[in-house]
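Worksheet for the structure shown next.
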Amino acid sequence: MSVPLARRAAAELAGTATLVAVVVGSGIMAARLSPSDTGLELLENSLATAAGLAVVIVVAGPVSGAHLNPVVSLADWALGRRSASGLPGRELAAYLPAQVAGAIAGAMLANVMFGLPAVATSARDRSGGGLWLGEAVATAGLVLVVFGLARSGRSRLAPAVVGAYIGAAYWWTSSTSFANPAVTVGRAFTDSFAGIAPGSVPAFVAAQLAGGLVGAVAVVVFYPAGRGAETSSPAEGDRLAVVPADRMAEDGVSGG
Amino acid sequence: MSVPLARRAAAELAGTATLVAVVVGSGIMAARLSPSDTGLELLENSLATAAGLAVVIVVAGPVSGAHLNPVVSLADWALGRRSASGLPGRELAAYLPAQVAGAIAGAMLANVMFGLPAVATSARDRSGGGLWLGEAVATAGLVLVVFGLARSGRSRLAPAVVGAYIGAAYWWTSSTSFANPAVTVGRAFTDSFAGIAPGSVPAFVAAQLAGGLVGAVAVVVFYPAGRGAETSSPAEGDRLAVVPADRMAEDGVSGG
Amino acid sequence: MSVPLARRAAAELAGTATLVAVVVGSGIMAARLSPSDTGLELLENSLATAAGLAVVIVVAGPVSGAHLNPVVSLADWALGRRSASGLPGRELAAYLPAQVAGAIAGAMLANVMFGLPAVATSARDRSGGGLWLGEAVATAGLVLVVFGLARSGRSRLAPAVVGAYIGAAYWWTSSTSFANPAVTVGRAFTDSFAGIAPGSVPAFVAAQLAGGLVGAVAVVVFYPAGRGAETSSPAEGDRLAVVPADRMAEDGVSGG
Amino acid sequence: MSVPLARRAAAELAGTATLVAVVVGSGIMAARLSPSDTGLELLENSLATAAGLAVVIVVAGPVSGAHLNPVVSLADWALGRRSASGLPGRELAAYLPAQVAGAIAGAMLANVMFGLPAVATSARDRSGGGLWLGEAVATAGLVLVVFGLARSGRSRLAPAVVGAYIGAAYWWTSSTSFANPAVTVGRAFTDSFAGIAPGSVPAFVAAQLAGGLVGAVAVVVFYPAGRGAETSSPAEGDRLAVVPADRMAEDGVSGG
């Protein structure tokens, strides 16, 4: 039943690439077609992202668990360490670079599709206390959503719920909710609507890591290990995982 | 199986805070980015709220039942009194202040994320017979939706259905459907798009309570107790409750 | 298990009233807030209608089957006559007037909520061959959707699918898809965005009835009776019917 | 249990006609009502298409498998050849012309509904390396989505997932994601928002076929045959196929 690590890493790379292509590509399209209202641009960008993200999770879920995000992989590793049910360290070491490489590739793909130079550097400064708070809040919520679903045996809802979460967080967090270090790095490689200046990346990533920690604590508080955790079931093929499918079938994600 | 009351109250507080942060935060973002069309602002605000509310119910549901609304808690208490299946009075006394405190905290969080003073007073007057009728209609419908789902064993649909209900009610009720006394109080603490002047709060809350009463009567008429009520099932982990998960597993919400 | 006819008729009345209040109310709100772009108004109106319609079907489904539409009730009667599984004539005689009365009440409610005279007459002419063709196409599709779901045992998907169908048909049919004689009559009672001049009503209704007939033929062609029909199941409480719930539990909707 | 080929071909024709009527019709409506913002037009067009496509798959699924796309039929034939579980060559020969004829009929229907000449020729040039890359990417993703769902036993999610995929791909691919040779031909028959000049069709179709090939390879890599494939189940009536329902019940779509 186990999916080979190479294939899982490839799915993380391809999935994250598609996610960033969705974010960057729809941003370029929106900015070109709706130049007179930034809110309308963000509406178009956020709807495309919410729907596209859900689809990527549907497709990558059974292969790699559809982490697509270093914070999710790190939280899975950390929360599952005690019970040996989380992502092992050596798999974490394969997931993280695959996510970052995929994110950069996705930005390049979007650039080329829209006739821009494949590699560019964003000039868009994104910094300030309000934005960093926004990133921390957005990432904390994301971790709580993902592991709350897993620990209550509802990971098959993850595509719709995570898509809705990010789509809403584009609007209610001040930073438009990057909430993903790999995607943040990838978005530095495009000089378009969704870009972020390289100089703004480190603080965003730091805020995301801090938020991820807060989110992991919230998981432990609200969904203590062992209560209603994801377990194997006859309808396995029907389940959408955000942690690797093969491990989920064995022992759930209820570590911590 | 029972979730401790303290954790449930914490979930009500955190859930209502997130809900108000979504409503207020997306309102600020919309007003800043789409200044030339109020309808577009409301569209952005309502879509973010519908999606965000659904996610909050998904996450808080298994912990506290995701009431997030004093009218829902009161209706649960009232409709379940006779059969002793509703929220007990002492738990109601914990839920209500948690919801109000959370709502205020959520408005403050949104204010700070967007660089506004943490505590403010809304200057936006919202009053008039048409608006009060709108609030009563919106709240009556909400109660019928929530308890109609519970009494027909479909509470796991609550996130999507309640999200869709509120998203639509932003548009078809004249008051944009606050439908929640705690959220109404919280929205008085921001001087932005989603705010409401403190002087307009009492009449809104009164209309909501009146509407909640009408809704409870409609529940009794259309979904008499004991018919198709929520009951325990093997797929418990899969169920999203709008009443506390532990009680639901024992005896359903079919009181009244 | 059978729901009394009086309660079912009341649910049809209240459900159709809510549906028309959603259509008319969101049209008024959209026209007031987005006066500079008719497309944006229709977008707001159609999104609110799609979501609101889905919720109304969720709530009214287990009570009356959530027909909310004379064409659906007539098709249920006609398609189920031979096998005695459709709506009996005497129940049809209760459903139709309840739907029309509810539609008028819903328009009045919306008018009052938004500070307009309770009863008004629309001045909006809607006529022409293209529009009538649009109504026929829209209604044929609606009948095929509703009974195709019922005959393949998927009526619990009706809320989402019918909501999505009508939301899309606002755009791709030239008439914005009224597709409902009761709703058409109700919309003559408001002088606002969603109104229709009384003189335009008869041709719209005729086109809808013709389309309903085409749709019923399509049902018989693509979903012949007895194949995969809706039948009773242990998860009855979970099923959303568009035909009365009690009959569905007995013998399905597979007549014709 | 087997659905006659003639009825399945009729469903492919009617389904593809409806899909193109949705795309073209909503494009005309959007361009007429929102003339001042092309992005808003595309938003209206893409939302209507996503919702309408999902509904068409729901309705046509149990009859023909709801391919509605020559690339999907070709991929089903190719991926299922070795195990004799794919679409047989003689059925492929019925599906393809039905899809193309339906697409042309759908464009004509939309033209007539909106008062345009039934048959027209689009003057809208769509060409260039970026657009062709966009079409290849969009089609590759579509094939991976459709067969990834089938091979993991989740085809009943196809309506929502494929609708979301295409709705997002309108925005993040530079070509607005035609991703369907039959629909591309049909859209040459309208001189409106969604049209494509006949001279631009061949390169678009070539890019789609190339993308389809890439997608089929991705299916084999990420979802190797036999792992979690669609199989018969008691809830057959509940399953939405994108391959013919009768074959699915017999041996799944796990060929390749």
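Chains: A, B, C and D, in written order; residue numbering restarts at 1 for each.
Everything that follows uses one rule, which is that a contact is a pair of C-beta atoms (placed from the backbone, for glycine too) under 8 Å apart; a residue touches a chain by one contact, two chains touch by 3 or more.
Computed from a predicted structure; not experimentally measured.
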Longest centre-to-centre distance from chain B, chain (CA-based): D
Chain copies touching (chain A, chain B) - same or different residues, decided at half shared: different
Intercentroid distance (Cα basis), chain B paired with chain A, Å: 28
Length of the line joining the C-alpha centres of chain B and chain D, rounded to whole Å: 40
Per-residue multi-chain contacts in chain C, two or more chains: 37, 40, 43, 47
Sites on chain C touched by chain B in the complex: 7, 10-11, 14, 18, 21-26, 29-30, 32-34, 36-37, 40-41, 43-45, 47-49, 51-52, 54-55, 58-59, 62-63, 109-110, 112-115, 159, 163, 236-238
Complex contacts: residues of chain C adjacent to chain D: 37-40, 42-43, 47, 50, 128, 130, 133-134, 137, 141, 144-145, 148-149, 152-154, 157, 161, 164-165, 167-174, 218, 221-223, 228
